[in-house]
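Presented sequentially are two complexes of subunit A, the first with subunit B as partner and the second with subunit C.
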Partner chain A sequence: MSKEGIKSEIIDLLKSGKIKSFVGYEKGTNPFFLRPLITSSVEEVKKADFSVLCVSNLVRYVIDDFKIALPRGKTRDSRPIAVVVKGCDSRAVNVLLQEHIIKRSDVFLIGMPCNGVIDPKAAESLWYERNKTHDPTKIRISNEGMFEIADGKEEIKLADFDEIESEKCKVCMHNNPVIYDELVWDKVDDKKVTRGERYKKVDDYEKLDPEKKWLFWSDEFSKCIRCYGCKNICPLCYCEECTLAKDKEKAVLPNEKIWKTSWIDKEVNFSNNVAYHMNRAMHLAGRCVDCGECERACPVDIPLRLLYTKVEKDIYERYGYESGMDSEVKPVLATFDINDKEEFIEG
Partner chain B sequence: MNVITNVEEKATEKVWEPKIIAFLCNWCSYAGADLAGVSRIQYPPTVRVIRVMCTGRMNPSFVIKAFQNGADGVLVAGCHPGDCHYIQGNLYARRRYSILAGLIEFLGIERERFMMSWVSASEGGKFAKVVTELTDRVKKLGPQNQLRRP
Partner chain C sequence: MAKFVEDINKLLVELASKVELYVPTTNKSIVNFEKFTGEPFEAEKFKNSTEPIKKILFPESEILYFYKKDENGYKFEQVPLDEKKKIIFGARPCDCAGVERLDRVFYGDYMDPYYDARRKNTIIIGLACNEPPYHSCFCTSVDLSPSSTVGMDVLATQLENGYLLEEISDKGKELLGSSELVRDANEDEVKKAKKLHEESHKKVKKIDIDTNAIEFESDLWGREGKRCIGCGTCTFLCPTCHCFTIEYVGSTRQGRVIRSWDTCQFQAYSLEASGFNPRPNKGERVRQRLHHKYRYFADNFGEFQCVGCGRCVNLCPVNIDVREVMVYFKKKKQKEEVIP
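Our next item is the complex of A and B:
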């Protein structure tokens, strides 16, 4: 398949009514980022684009579709949504299938094998440093690097791909989608990242003294403004009512003067921030697919991926389980083995 | 007047004693703690027991909430694997708390403050031992101020 081939196939599917809408990427005003394209019109699908700028995880929009409240008497359109998925995104779909949140017939997956996407923030800051024309329309980014189009057709290389590549993609172990209906282009070779390389950063942090660790994390967590960006962008945070962002409810009975407990208060202070992030890490244990969206959405740059990779490492080393690889197996924390390691249990 | 102020002064001079929240499972550990009391086994009065029906019922946020509300140590105790009243509740809990223990350590929160143990209904002595050990550890560390709410 090619880019044009896949587009004409989507158009055919839309015309015949086999899919209800298409979620993909299109070129927007930001040259470092392809914005999400959500449409059911044939004309708009022609604008779709596939490249190294396909940063966002579109599986979130599939979940959002389920959350729309419908008028009384109307039923949800049960036709599938066509959605573009990279390797990491396809694993998120697998987790949702595993947890029976969506059915396989709800999505038509257009797999996009990728050799890594760029980090828009890094690319933008490098461009500011190195560009000469000061014209953001004259940028071309491909998997060879970032180029500036000078006079005529001459191109000046501004950065290598390694410099602008997203951190999560440097340690990605699944470059090809694990579940798909169609592929945009042929499968690519896996990068052959080893587990040691993947967990190197976590290992380095684990070696620090407890005081240093606490100093580092308390610095990071005290920055948090609790915007819930990480929760709102996460493809796996699908709960209708999030326990981490719940107001205290007044008791229903009028003579009861107590407030119903909320396990994590919404009030922004350091203690609640740490509790929020610990709870979120626990909720993502054995589920996080490391799509890196939380870290990209974070306005204060908390290294959330480091926290979730630590949990992922623990799960892998203790239970040999990797999230999102198979939609048929049970989630790791929803099952057990009588011979699980219990060296942490004392007495 | 003097007498009252003297009493108040004495109350404030009291040495610091740790507060330990113990989540005990209804069928084994709670009965174990009961046995410790009935058998008149001495254990520190620092422990505040919360009875839960099973360790599998415990959400990891209970532990975090306890620390937030000023607990100096948290103990989670349940039936030995294979003895659970609900067949498998403690086995789910074991997986859950293995991850939480790793997370606590990774964030640099004093790991010694959190303890998980298996205490059966016949192990009154073991319950006393576990509580004594946790109290000693927490006493060495002093009051918990990392997660405490202002």
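Our next item is the complex of A and C:
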């Protein structure tokens, strides 16, 4: 398949009514990433693009579709949604399937084998540093690096791809989608990242003594403004009512109801922030697929991936389990095996 | 009469010895206004802070009062108001204008004592942008400029050999008059600053915003809403957004009442006690945000509730761009005018 081929297939599927909408990427006003395109119009599908700028995890929009409030008497259109998935995103689909949140027939998966996407924040700061014209329309980013289009057609190289590649992609072990219906282009070779390389940052972090760890996270969590960007962009944070945010309940009176619906208050303070992030990390244990969207969405740059990779490493070392690789197996924390390590009970 | 200071850091040290001084401080990859620690301020490296200076005057959470119940009923304890003298140095003109917008709300029909205590004890020294710091800047589109003085007490402009300080308010005049490090500026320096201001103004990309062109019933809201993830980044980090919620923290016997930032982008914001939500989907919430910024506020106060800092554009993880929306409506209106 090719880019154009896949687009015409989607258009055919839309026209025949086999899918209800398409979730892909389109060029927006931010030159450092392609923004999500959610549409059921044939004209708009033509705007879709596939490149190293496809940073978003679009699986979130499948979950969102279930959450749309409909007028009385209307029911949800249950036809599948065509969604573009990279390696990491496809694993998120698997987790949702494992947890019976969606059915396989709810999605039509367009796999996009990927050799890494860029880190928009890193690219942007390098661009400000190295470019002179400050014209965002004159940027070209490809898998060769970041270029500035100068007068005429001449291009000036501003950065190598290595410099702007997303951190999560540098340690990615699954470059090809693990579940898909159609591929945009041929599968790519895996990067052959070893576990040691993948968990290097976590290893370094683990070597710190407890006081230093505490200081590190105190500094990071006190920055949090609790915008809930990390939670709202996460494809696996699908709860109707989050225990860490007053999503549905707006109880303002001091009665017991507050404690039942939310574990923390709206008050932004260090204690609540720690509770929020620690709870979220625990809830993502054995589930997080490291798509890195939380860290990208965070406006105050909290290194959330470090937190979740630590949890991922623990799960891997304990149970040899990797999240989202197979939609048929049971989620690791929903199973019991007599050989499971449980040294934490002893002593 | 404009003033001039050669070494800004000497002045900052002097100010910090008298009052609480907030300067842009780098913390890893983000910059925020923190208390001055003596570390020299480098204007070349500073673009704009991630969080606007709103946070100093209107913190994300603050305690309003404590309550306690005994045999005689509830007792309330007032929290002392924050009346410490503060100086904010280095706020960009857009953020300072944001404070002026907040004033209109917090000194509106009802004066907010908590805000007032901080506001009247704060002196704001703005810093003109000699170069628009981001490609998402659009202050000139909302009748401001990289050197506008709205909401400031002093406007500082960086020149080659120091800073030109223009007194804007009486508070600012008093502040500059009290320092010996400050001398009168000569004509040449004033001219140079003016030239920088004009050049910078031209560099900001201008778009046309037409309040009357913004539609309520439009397909665009549905499209933008589908993409929106419903986080609070755009509103929490907006210099002019001022919504808050009041909450009881504690038990029925004792606890505290707090006020925290709230945002129209959250589902619970407009949820009614009956369970009905007039803005059930994200499209309606995006519409509310933009209508409030460019229509309702303009109707009430004659100004946009937007200062063009571009944070919502730049930090939105899914690229919802207010400039794009405004251009869309403007173009649509123009087309309709041509073909009636």
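The criterion applied here is as follows: the second predicted complex is superposed on the first by the 330 of 347 C-alpha atoms of A that agree within 3 Å, B and C clash if a C-alpha of one lies under 4 Å from a C-alpha of the other, contacts with A are read in each partner's own complex, and residues count from 1 in each chain.
As a convention for this text, a contact is a pair of C-beta atoms (placed from the backbone, for glycine too) under 8 Å apart; a residue touches a chain by one contact, two chains touch by 3 or more.
Here the structure is a predicted model, which means the values were calculated and not measured.
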Joint occupancy of subunit A by subunit B and subunit C, clash or fit: fit
First, second, both or neither for A:D77, with subunit B first and subunit C second: neither
Subunit B versus subunit C as contact partner of A:E206, first or second or both or neither: first
Contacts of A:N269 with subunit B and subunit C, given as first, second, both or neither: both
Angle at subunit A between subunit B and subunit C, C-alpha centres, nearest 10 degrees: 90
Touching partner for A:T29 - first (subunit B), second (subunit C), both, neither: second
Which of subunit B and subunit C A:I345 touches, first, second, both or neither: first
First, second, both or neither for A:I225, with subunit B first and subunit C second: second
Partner chain in contact with A:M278 - subunit B first, subunit C second, else both or neither: first
Least C-alpha distance (whole Å) that remains between subunit C and subunit B when both complexes are overlaid: 11
Residues of subunit A at both interfaces, subunit B in one complex, subunit C in the other: 269
Subunit A residues touching subunit B - in the complex, by the definition given at the top: 205-206, 208, 210-218, 243, 263-264, 269-272, 274-275, 278-279, 281-282, 285, 307, 310-311, 314-315, 318-319, 332-334, 336-338, 340-342, 344-347
Complex interface listing, subunit A residues touching subunit C: 28-30, 33, 35-39, 56, 60-61, 64, 68-69, 121, 128, 134-136, 219, 223, 225-229, 231-233, 245-250, 252-255, 258, 265-269, 293, 296-297, 299-301
Complex contacts: residues of subunit B adjacent to subunit A: 59-62, 64-65, 68, 81-82, 88, 91-92, 94-103, 105-111, 115-119, 126, 129-130, 133, 146-150
Subunit A-facing residues of subunit C, complex: 27-30, 47, 50-51, 60-61, 131-132, 135, 203, 223, 226-227, 229-233, 236-237, 245-252, 255, 258, 260-263, 266-268, 271, 277, 280-281, 313-315, 317-319, 321, 323-324
